[in-house]
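In what follows, a structure is listed as structure tokens, so that the remarks can point back to it.
Going in written order, the chains are labelled A, B, C and D, and every chain counts its residues from 1.
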Amino acid sequence: MAPRNVINASVSPKGSLETLSQREVQQLSAAGSGSTYTLFRQCALAILNTGAHVDNAKTILDAYQDFEVRIHQQDRGVRLELLNAPADAFVDGEMIASTREMLFSALRDIVYTESELHSQRIDLSDSQGITDYVFHLLRNARTLRAGLEPKMVVCWGGHSINSDEYKYTKKVGHELGLRKLDICTGCGPGVMKGPMKGATIAHAKQRMSGGRYLGLTEPGIIAAEAPNPIVNELVILPDIEKRLEAFVRVGHGIIIFPGGAGTAEEFLYLLGILMHPDNQGLPFPVILTGPKSAEAYLQQLDHFVVATLGEAAREHYQIIIDNPADVAREMTESLKKVKSFRRERNDAFHFNWLLKIEESFQRPFDPTHANMANLELRRALPPHQLAANLRRAFSGIVAGNVKDKGIRLIEEHGPYQIRGDAAVMEPLDKLLQAFVEQHRMKLPGGAAYVPCYRVVT
Amino acid sequence: MAPRNVINASVSPKGSLETLSQREVQQLSAAGSGSTYTLFRQCALAILNTGAHVDNAKTILDAYQDFEVRIHQQDRGVRLELLNAPADAFVDGEMIASTREMLFSALRDIVYTESELHSQRIDLSDSQGITDYVFHLLRNARTLRAGLEPKMVVCWGGHSINSDEYKYTKKVGHELGLRKLDICTGCGPGVMKGPMKGATIAHAKQRMSGGRYLGLTEPGIIAAEAPNPIVNELVILPDIEKRLEAFVRVGHGIIIFPGGAGTAEEFLYLLGILMHPDNQGLPFPVILTGPKSAEAYLQQLDHFVVATLGEAAREHYQIIIDNPADVAREMTESLKKVKSFRRERNDAFHFNWLLKIEESFQRPFDPTHANMANLELRRALPPHQLAANLRRAFSGIVAGNVKDKGIRLIEEHGPYQIRGDAAVMEPLDKLLQAFVEQHRMKLPGGAAYVPCYRVVT
Amino acid sequence: MAPRNVINASVSPKGSLETLSQREVQQLSAAGSGSTYTLFRQCALAILNTGAHVDNAKTILDAYQDFEVRIHQQDRGVRLELLNAPADAFVDGEMIASTREMLFSALRDIVYTESELHSQRIDLSDSQGITDYVFHLLRNARTLRAGLEPKMVVCWGGHSINSDEYKYTKKVGHELGLRKLDICTGCGPGVMKGPMKGATIAHAKQRMSGGRYLGLTEPGIIAAEAPNPIVNELVILPDIEKRLEAFVRVGHGIIIFPGGAGTAEEFLYLLGILMHPDNQGLPFPVILTGPKSAEAYLQQLDHFVVATLGEAAREHYQIIIDNPADVAREMTESLKKVKSFRRERNDAFHFNWLLKIEESFQRPFDPTHANMANLELRRALPPHQLAANLRRAFSGIVAGNVKDKGIRLIEEHGPYQIRGDAAVMEPLDKLLQAFVEQHRMKLPGGAAYVPCYRVVT
Amino acid sequence: MAPRNVINASVSPKGSLETLSQREVQQLSAAGSGSTYTLFRQCALAILNTGAHVDNAKTILDAYQDFEVRIHQQDRGVRLELLNAPADAFVDGEMIASTREMLFSALRDIVYTESELHSQRIDLSDSQGITDYVFHLLRNARTLRAGLEPKMVVCWGGHSINSDEYKYTKKVGHELGLRKLDICTGCGPGVMKGPMKGATIAHAKQRMSGGRYLGLTEPGIIAAEAPNPIVNELVILPDIEKRLEAFVRVGHGIIIFPGGAGTAEEFLYLLGILMHPDNQGLPFPVILTGPKSAEAYLQQLDHFVVATLGEAAREHYQIIIDNPADVAREMTESLKKVKSFRRERNDAFHFNWLLKIEESFQRPFDPTHANMANLELRRALPPHQLAANLRRAFSGIVAGNVKDKGIRLIEEHGPYQIRGDAAVMEPLDKLLQAFVEQHRMKLPGGAAYVPCYRVVT
């Protein structure tokens, strides 16, 4: 590791809306004992690392072991004192405004999450309670704005894509921005940054001053996918499932760009929800798109979906190759349907209450070898259930590839056994192999990929 | 009662920041059963009655028994449907913007209060917990703004004062506004309106667009003292004690205009806090002022304070007669001290954490005959305790004069017996008689005043 | 004269949009020689005198003979240095923002007027050229805003009216403001202030931040009728006729409150234009209104108009007694017609190009004895010509009453002889006598009024 | 030429501040006769061609010969009707906001220029008059804003540079933007666009909403270098010399990126001014910069300057290779000196009055063969005069390369003869050859470059 550039700085809350009670400051300051401080320190470090090109959380955390953040109450609000902070977040010693804002957003969300955990207001044991919780957290973050038209477009896809694909995401963002649409992503680099950058330029051309670049993240991923500085609204959800729910409740349409197993997981999560019988007739635009060079990838994904979930799945998305303007035009047209549907049903523009999300989608899947082996992957299942189980399979593969706990499990017990009908297993195997060939599987250290799973028919 | 002018209307949340969860909408809509709906309906009625000159809560509530408010979730947020609403809140069928804003503020505060009651986050059983609660409610109402200078001036005094005194409050407000200070009052008519009106004109002259006119009220008083429409931030605290605490935590200085027993109660509340040994050295500007015609009143109040709490009490306030510019200049100067004190101690500008408020001031006093008779009113007590007890005495008198429960107690058991040293009792008796003579005692029905108390030495 | 309170101050252009070239600064600074400096000094003095209650230009100018204003170019724009300036325009040594703004508005308009005089761009010798000039001056003052709806209501009437009438103008302004209309007046006290004050409060209630309070004045009147500080757009037209033209070109409707001979002159100017055959069918709402106490006055005016100009004149105005809400409602309704008319004819909302103003209305009338004696006041004239001549008669009376030159002429040659048909002369005589009886004739020194005219039939 | 995509559209003045008088509309509409319409049509076409990659004015004008623009007065201001307009300026049939704004800016400037020509206010025959004219035109365009700090950085360089150099200009713009500096360019593609794009992203990161991207152009160049759509203030100066003067009067510092003969001309114009004895001590930061690959180019330029104007010229600029952050830091530091200098001398921040520009720099140079042959290019001349003459030489070469008139002259009379000392001629010859080798000379049709000049020693 190269010598780090660090800086000590005191950050005033200029422009931030956040205020804390004395008790909240104390809780956050209890550096030794509890999890609140640790959590905030970790998020703060990720945010300060914004410009960096490292996507390995551990590397970042290790590099700045002596980083400290202290929280002080003071006259104009809360002041943060940073010790040994990454110097990249500063310009000539002054913190970049977007970074400062995000630090205070992290503070706000972590304080809120902590506070709610000690409250009994929210019942996290049932589906409605979880949805309520997501609502309250987003409301507290001022993300839910009454009165705005449906125009929040979620962009999903890989955080490390090639230059051709990255440029394409910028162009799509530019076309969306010219049509005055807002962008929501997972707030890291790659697909999470390109559309925001394109939209920023387009919004400037359209003289739109209130363009929204909403980043939704969670503490487990923020270090690996540091928020890009275009993000002007950052929300830290407590875990992956709540983050996914936030995406589909605040987003009015979704564009899926090329990515890896994670992107496949997200796509299946979405199909699992949209194919649920309760959601029939509910308009939710989904567009898969990429440059000419990504056509094979997108078609393979499409074939896999049809082969496993059936032709009916195709009703829920469309594929557009190499045509940013068409993507944006299609999205704009589809959003009109979303708008009239919500108006008719008296559903809020700012939160998709009518979307049914089964509790099974809201609860985390623990990818043990037993859980993976027991996944029912049969063609005869109702498609939305098969989609749910396939999502879990991909979720396990992501964990086995890159997550601490997953990697250790694989080392101990060998690859996961994934069983099922040949009609499901064969397409799955092909898709996964294609990912490997296209270098879309995360390869720690850059070595040749050794699969963490074995497909058993 | 004259024939009422009523109107049915549907109020969109245009410009309001408030959004509600489905559960919150359901809670509020449960018209039959619970207290939440009743509470909101009552506050809504008071707000709609904004222009009216009736200060009798019962009269208003009786006049609009068929008033209903229904809450609907819809595309752009929450919509309110009003049935048989007072027509005065509308101009050519359209609701005045400030009234609409206040309706949604009431919604916000009542939802928050309800929600917190069912949470166990806040411990209302100890002093720190109560202060935290006040903080959270004000923060949720976006009243606590990090980054603003100390410039919120609280104006206390009677809601029904004579025309000469009313004009004087406008002039003082004008001078405060010319110096770019903000105004906080109890948000009704009289002293609660005059300074805001004067400041609005002065802020316009100073081309200040963000002038704040903060009204703090509580459900028990809002019907009698309907928020005046200049108020551009309305907060409904759950009870009188939390409202009083909110005044002294968000206000940076206090101006006391002429009023009745209620104003005396507030003044003694304030002195009881400022004379507490823990608050020694803490700057908190208090100015008593009025037009020439109110000089006798103010001097009598001053004499009473000195006679009972001693000369030391005078350190905590100054009296300025008939000089609005001087009042504003003095306040401006004193606020500089508040600012430097908070800066030195790292206390927030937006919330006076350092002010010690004893739990006895935070808990309601129940004015039974026994409690009134047992009040210790001895000159030998530490002044801040005597002030606390005198405040309770005035609080009881206010209740015996005008509050339902108090009036019934007096009818049943005769006047309260207030006992104590002659050194305390004599000045008290004089002050009360003066209030009667100056028509500052509320006289229901306008009959000759029959005292609800007997001073016993 | 009481000892004056004066102050020396340096005024930075904070918030002002004005910049000057070096040449312009030099022109203005040439204190000794030219008229530009003298003109600006006089306007500046009037503006600084804003709060004062003296309406005699001479008194003010005499009181501050040693007042000086120096203009400096500096880093952030133009800085004004004031010597021996009236202290009332300052709060604790700092100039009130509205006063500062108006000083720079005066600078802007005087520089523009000077510059145009030396240019030959504008041909002031024909009617179209004069209208163009008024347009350019208003555009340069940023008064003409493309995109705004027709909502600028001109309020005419006396600058020194009684308290009952003044309160009434505030109420009308309040009702206009509640309907989000803007106010334009001659920018002094009395009727020129009341409606603006009422509208300011109403705009605050409606949460309107961009309310316009437009004051149109000219150098000859500004000293006597100092701009009230609510005015947030001040334009100084070069003379009375251009000021009158500006009123009817930028105003979308006109309300006439009680006043004296000057108000009668304005009313006849307006009728003379509206009764011109070319303006037939052009909607231009005119409402005469006042409190109950002013009913007789308004009826007399009405009778005079009908008696001289005929019943047809009544088509152009309506009278509403003691009903501010009705006045505002009628105006709102009528403005809709103005809007649809201009839309159909492609006329600008911000400038009434279609209104025909004959050159005779654009040129000043010089009230010599000969000119007064030669006025044709015959019932047989086309009404718009008779109106024009009656306006000249009133103009002469105003001059003979209060203007330097007029007073001297009367002293020398005795009262004006006004000749005409009995059918015109009798109503005129009655109206003038009523003005005298109601103390609406300006009485210098307060002495009994000696008429400066003699009506000869 | 490919089939053109054209569109007919009606453009409302939404958001534009511009209003026109009837006379101005008539002038502009006189399509047949005069130059005003022709001029506006040509600028409008260039602006609508914004996205295009053609830099040949003639090609564009030819491609849209049937393009028409009609100007109508209407209710909300001026409406433009476009016939056969390039479709690229529209998104789904709606004009991009920045393009709309620029159309109305062009209208404003052309109307102003026309109007002034017919006025006699401005004396264009002397140096001060020309400067005054530039000031008035910029003021009318609202470009001169009192109260802003010195932070307008002019970026000069080629409009068709390679991808490496273009990316570098974006990075420099990004670093300037992070330091909250504004950008001014000639408003076309290449160096004129890159810095604005980088700054837009950086301003978004710094949450700056008022970033300025000022484009200065003139009718002769606008068609070849169509304004890029990031430009949010467009000013059309009447000719090249006034445009150059505008650059150095409103810019607080200048960055020179790689370019061709035109860039060399600009650099010499600047040195000629800065080396004038009257400008000694006047701080004016100039930085030459480029990526590593442009180092040789920059050094050659530097050597040429030293060889011809002497070592003293180097005091007026510095060279920074491949370090965008350093460029921005140096500029920021230097601007502090500009600020304190202007403050001390009471010069305006918004217009550099103190900069001496000799009349010879303000007057156009006509590149006839005689004028070129007579240029005095002797080392013994005072450097600022030699710089002025070298600028003329480059100006002639640019004309001979690409301008209609110049090309015809060369065809007729053969190459220009440029004479002078060997000490001047040899470096000049080398520099020009290097430009040819580096393909920085404009080659119409892409043929091998045949020089339009002959250097004669």
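As a convention for this text, contacts are C-beta pairs under 8 Å (C-beta built on N, C-alpha and C of every residue); 3 or more make two chains touch, one makes a residue touch a chain.
The shown structure was predicted, so the numbers you read here are calculated from the model rather than taken from an experiment.
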item	value
Contact-graph distance - origin chain A, target chain C	2
Distance between the centres, which are taken as Cα means, of chain D and chain A, whole angstrom	45
Approximate Å spacing (C-alpha centroids) for the pair chain C, chain D	47
Touching two or more other chains - residue numbers and ranges from chain D	15
Every chain pair meeting the contact rule	A-B, A-D, B-C, C-D
List of chain C residues in touch with chain D within their complex	13-19, 21-23, 72-78, 115-116, 118-121, 128, 132, 135-136, 139, 142, 144-148, 339, 342-343, 346-351, 353
Chain A residues within the chain D interface of the complex	15, 91-92, 96-98, 101, 178-179, 197, 200-201, 204-209, 229-230, 232, 329, 332
